[in-house]
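Dropping the structure in here first, questions after.
We call the chains A, B, C and D, going by the order they appear; numbering starts again at 1 in every chain.
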Amino acid sequence: MDELYRDYILEHYKEPHHFGELDAPDMQAHDVNPLCGDELGLHLKVDENGVITDVAFQGKGCAISQAAASIASDELIGMKIEDAKKLDADWMVDLLGIDVSATRRKCALLNLKVLRGAVTGDASWPDE
Amino acid sequence: MDELYRDYILEHYKEPHHFGELDAPDMQAHDVNPLCGDELGLHLKVDENGVITDVAFQGKGCAISQAAASIASDELIGMKIEDAKKLDADWMVDLLGIDVSATRRKCALLNLKVLRGAVTGDASWPDE
Amino acid sequence: MTEVVSSATASLAQRVRGDFPILAQRQNDKRLVYLDSAATGQKPRQVIDAVDDFLSNVNAPIHRSTYNLAERSTALFEGARERVAAFLGSTAEQTIFTRNATEAINLVAHAWGRDPGTGAIGPGDVVLVTEMEHHSNIVPWQMLCRDTGATLDYVQITPDGMLDLDDLNAKLAAGNVKLLAVVHVSNVVGTINDVAALTASAHAAGATVLVDGSQAVPQLPVDVAAIDADFYVWTGHKAYGPTGIGVLHGRRELLERMRPWLGGGDMIKTVGWDESTWNDLPWKFEAGTSAVAEAVGLGAAIDYMREIGVENIQAHEHALVEYAMARLPEVPGLSMIGPGAEHRGGLISFTLEGMHPHDIGELVGRDNVCVRTGHHCAQPLMRKLDLVATARASFACFNDIDDIDALVESLHRAREVFEL
Amino acid sequence: MTEVVSSATASLAQRVRGDFPILAQRQNDKRLVYLDSAATGQKPRQVIDAVDDFLSNVNAPIHRSTYNLAERSTALFEGARERVAAFLGSTAEQTIFTRNATEAINLVAHAWGRDPGTGAIGPGDVVLVTEMEHHSNIVPWQMLCRDTGATLDYVQITPDGMLDLDDLNAKLAAGNVKLLAVVHVSNVVGTINDVAALTASAHAAGATVLVDGSQAVPQLPVDVAAIDADFYVWTGHKAYGPTGIGVLHGRRELLERMRPWLGGGDMIKTVGWDESTWNDLPWKFEAGTSAVAEAVGLGAAIDYMREIGVENIQAHEHALVEYAMARLPEVPGLSMIGPGAEHRGGLISFTLEGMHPHDIGELVGRDNVCVRTGHHCAQPLMRKLDLVATARASFACFNDIDDIDALVESLHRAREVFEL
């Protein structure tokens, strides 16, 4: 099996979870990877206790960035916004479960960048 | 004897002919060598027959440019303006009587450039 | 057909491969298949040696000093300029060295576009670019329009990636186009534009013309006098030359009239306390210490292309394009973007169904096949084509059909990894 | 005294001479005595090899591609930036590559000086430079003042070539100085300015500060964080690096607020039809394909200086200055320009009675002694000093007292030719 394009990565890429849009999202953000032009938008529903109740993402991207968004979305549902604010690059890379090279790191982290933009307003890259 | 700094070159440099200014010159021009910053001004007196009757030059410069101005000034007196207009780089270099390298060519020709500026208004380098 | 192409192209590529040290690279025992010359070109030993020799044995300040090394440096630098100028049918005075094509375009956008004296661009004026421009021939004009109140407009492209000449003529006919900025050879769709004809149309409508020849100079004979554009720009690193050097060829009257752009050493004649006077062409536009070793390297690149014969490079790359356009469609789901081979320079952009170009690049890269992936600095064009990214294979004199074969095989393998 | 200096300097120079291939040059059987490092520096084999190796074995487009060569190119380019930044006490985001110091200054004059948003410069404002600036730190400000209606003013120098601090303080006290642009080490009089103190004074008066470190970086430890100037610029080719690369270190808040200057590839995040968004620092200010091999070479130059120890270079050049200032006056009619050795970097300008500097340069050049002659791109300073030109000897780590001895002997011979 391929080291990078593992079965579950390809599955998430081909059939991403939570792909689409939400009506009247409570929080949202959108960003691009300037290196490749890939775009990603993220919608969140948050209840009165500050818990994420629904997630949807949109955009076009490579297998790594799409799988990252799909896998992360699964995790986000049920998470407190306060906890989501603290998520870092290690969390995302661990979740992906593959060795991400320097060049593909931005692919892996685009979703997290957009998430942080949505929940904290900070638009910098998670690595910075 | 030095190939470049021949006796007569050094003599003209140390005691230039026609160095100074003229009262109410009929024609004049002034220019610089952008490479070294040397400046040269030229004053001409011209009679009613279009003959140059007096010449004076001013400025600071290297031995080559000062000697060129001094030697040329001797030649210019008595020359018709019409003939002065036709003087070219070969005339000046022959008059100097030394082998001028590419780098020093502008030193040798600065005086001619200023002369042409004075008599024709053309401010380009004689080589162009 | 394959056989015929093979023998026609093999001779040039096989003859020159030894000139390119980088082609000796191996990775996992696979030879380097470099198909990214449109992004940056590889350099022959002749160019690398010229740079090395200059830095090792000649390097000294140019233009000003009287000692031997300085004279030799000056002669090498200005000699390179003369050979570059002659190769493109221009003159030394009209040949200005910049860092790259991008800087050359910005020079025009500032020194010509923002000069209150030449009054080039103002509100109501239109700067016309095309939908197939590189960001470097778009963003400087966006900034110019923002600063001057002029309007930026785009000549549309047809679905097969050709300029829509009806659209161009309609836009020129409005009479308010001050500048047409157009690419000679597109770095995405590969289209070769008839820039001499475009220039004539634009001139007839009173517009000034800038042609971006970044992709053209490395692959086809360019005669800037015949094209007759007011500005022709290109970049050294794509034309077998070093990084750090580009060229602007300009119409003499315009260059003379324009104010200088960058101020500093070398571009002045005299500096007073409050004002300065400017040096002659081309130095008026070259402020500060020049990229001397880079110019010398570019001169060597020009010598190299002249020796091979740029018509031979053109014929060679054309044969490769024909071969590649025949073979690539063997890969299921592959779509090529852009016009047919007859209108196309030495590159092919493509997409693969079910695989993002980024993943294509990664997977063929493992086979030591180097292709470019992404938006190719042409986001407006991608938007027009309704794409986010493509993969692109581009050719140089050292490529051969074995490189295209390697790409095709590698694409098949990539599809297997993706279980397509 | 000569003996003591001799042993102190000999060790460094003799140790490093073998690193500089150009020093093997001979002319009429005379070894190369290169005393023109302030004009352009010679490059050690380590730097030349880094460039050659990059072009031969690594060269590929940076930042965008996924294949191995491209990853290595990117890592080498950005790695060089990081080492350059660290060497000067800056960070990678605040370290912008330009073509040379001149372009770095023009970048500030445009992106900061002409930005309507940051509202930097306008009528009534004063741009303050000093009488000892290089043309590159004068002409961009003349052009800025011409375009914005601001006034250019000069801090005076004292007769021995030091900044007149009373004059500076009086001018700052007026309260309308928006920018102080000042050289760190003068390329004509050699003065080392206390730029940290100057910056503090200017900041106290509300002025922004640009320091031109072109001559400083090659010869003394520079900590841009400690100096605290808003902009610090320098140039690679004088700092043992290749031509075609310079550096701007900027204050982060300013760089973030400033609009980009050059538009094109690499400096954008997104390009729309009419507008674009900008990339992060430092790339926002680096449009088009970078001078990649040159950056890699500059990284090697930094490594070289770090290995020798820039304090050792400083001490070495200081010893040479002391020796030269003792020996040069042996030549009849020779006058040195500038302050005493304690305030002076590694260079000495001088004149010789009865001989124009141009002729000095020519004659010592015949002995393979390379000195600079002319106005040194500082015409206002020459006017202030009432000179047309000077000759200048400048030092680097490979110079030794034998070089100064050779210069002195050659000057004696030159006087004989002129029958002085």
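The rule is short, and it goes like this: a contact is a pair of C-beta atoms (placed from the backbone, for glycine too) under 8 Å apart; a residue touches a chain by one contact, two chains touch by 3 or more.
For clarity, every value in this text was computed on a predicted model and none was experimentally measured.
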item	value
Intersection of the contact lists for subunit A and subunit C	D
Chain whose average C-alpha position is farthest from subunit A's own	B
Centroid distance [mean C-alpha coordinates] between subunit D and subunit C, Å	32
Distance between the centres, which are taken as Cα means, of subunit D and subunit B, whole angstrom	37
Computed distance of Cα centres, subunit D from subunit A, in Å	46
Gap in Å, rounded to a whole number, between the CA centres of subunit B and subunit A	77
Shared interface positions of subunit C, touching two or more other chains	64-66, 70, 268, 270, 358, 362, 373-374, 379
Interface hub residues of subunit B, defined as touching at least two other chains	35-37, 104
Chain-chain contacts as defined at top	A-C, A-D, B-C, B-D, C-D
Complex contact set, residues of subunit A against subunit C	2, 4-5, 10, 14, 35-39, 60-64, 66, 104, 107
Subunit C-touching residues of subunit B, taken from the complex the two chains share	32, 34-37, 101-104, 124-125
Complex interface listing, subunit D residues touching subunit C	21-22, 25, 27, 32, 34, 36, 39-40, 42-43, 45, 47-48, 51-52, 55-61, 64-70, 99-103, 105-106, 109-110, 134-143, 145-146, 152, 154, 235, 237, 242-246, 261-268, 270-276, 287-294, 358, 361-362, 364-365, 368-374, 377, 379-380
Touching residues (chain side subunit D, partner subunit A) in the complex	63-66, 70-71, 74-75, 268-270, 279-280
Residues of subunit D that touch subunit B when the two form their complex	354-359, 362-363, 373-375, 379, 382, 388-389, 417-419
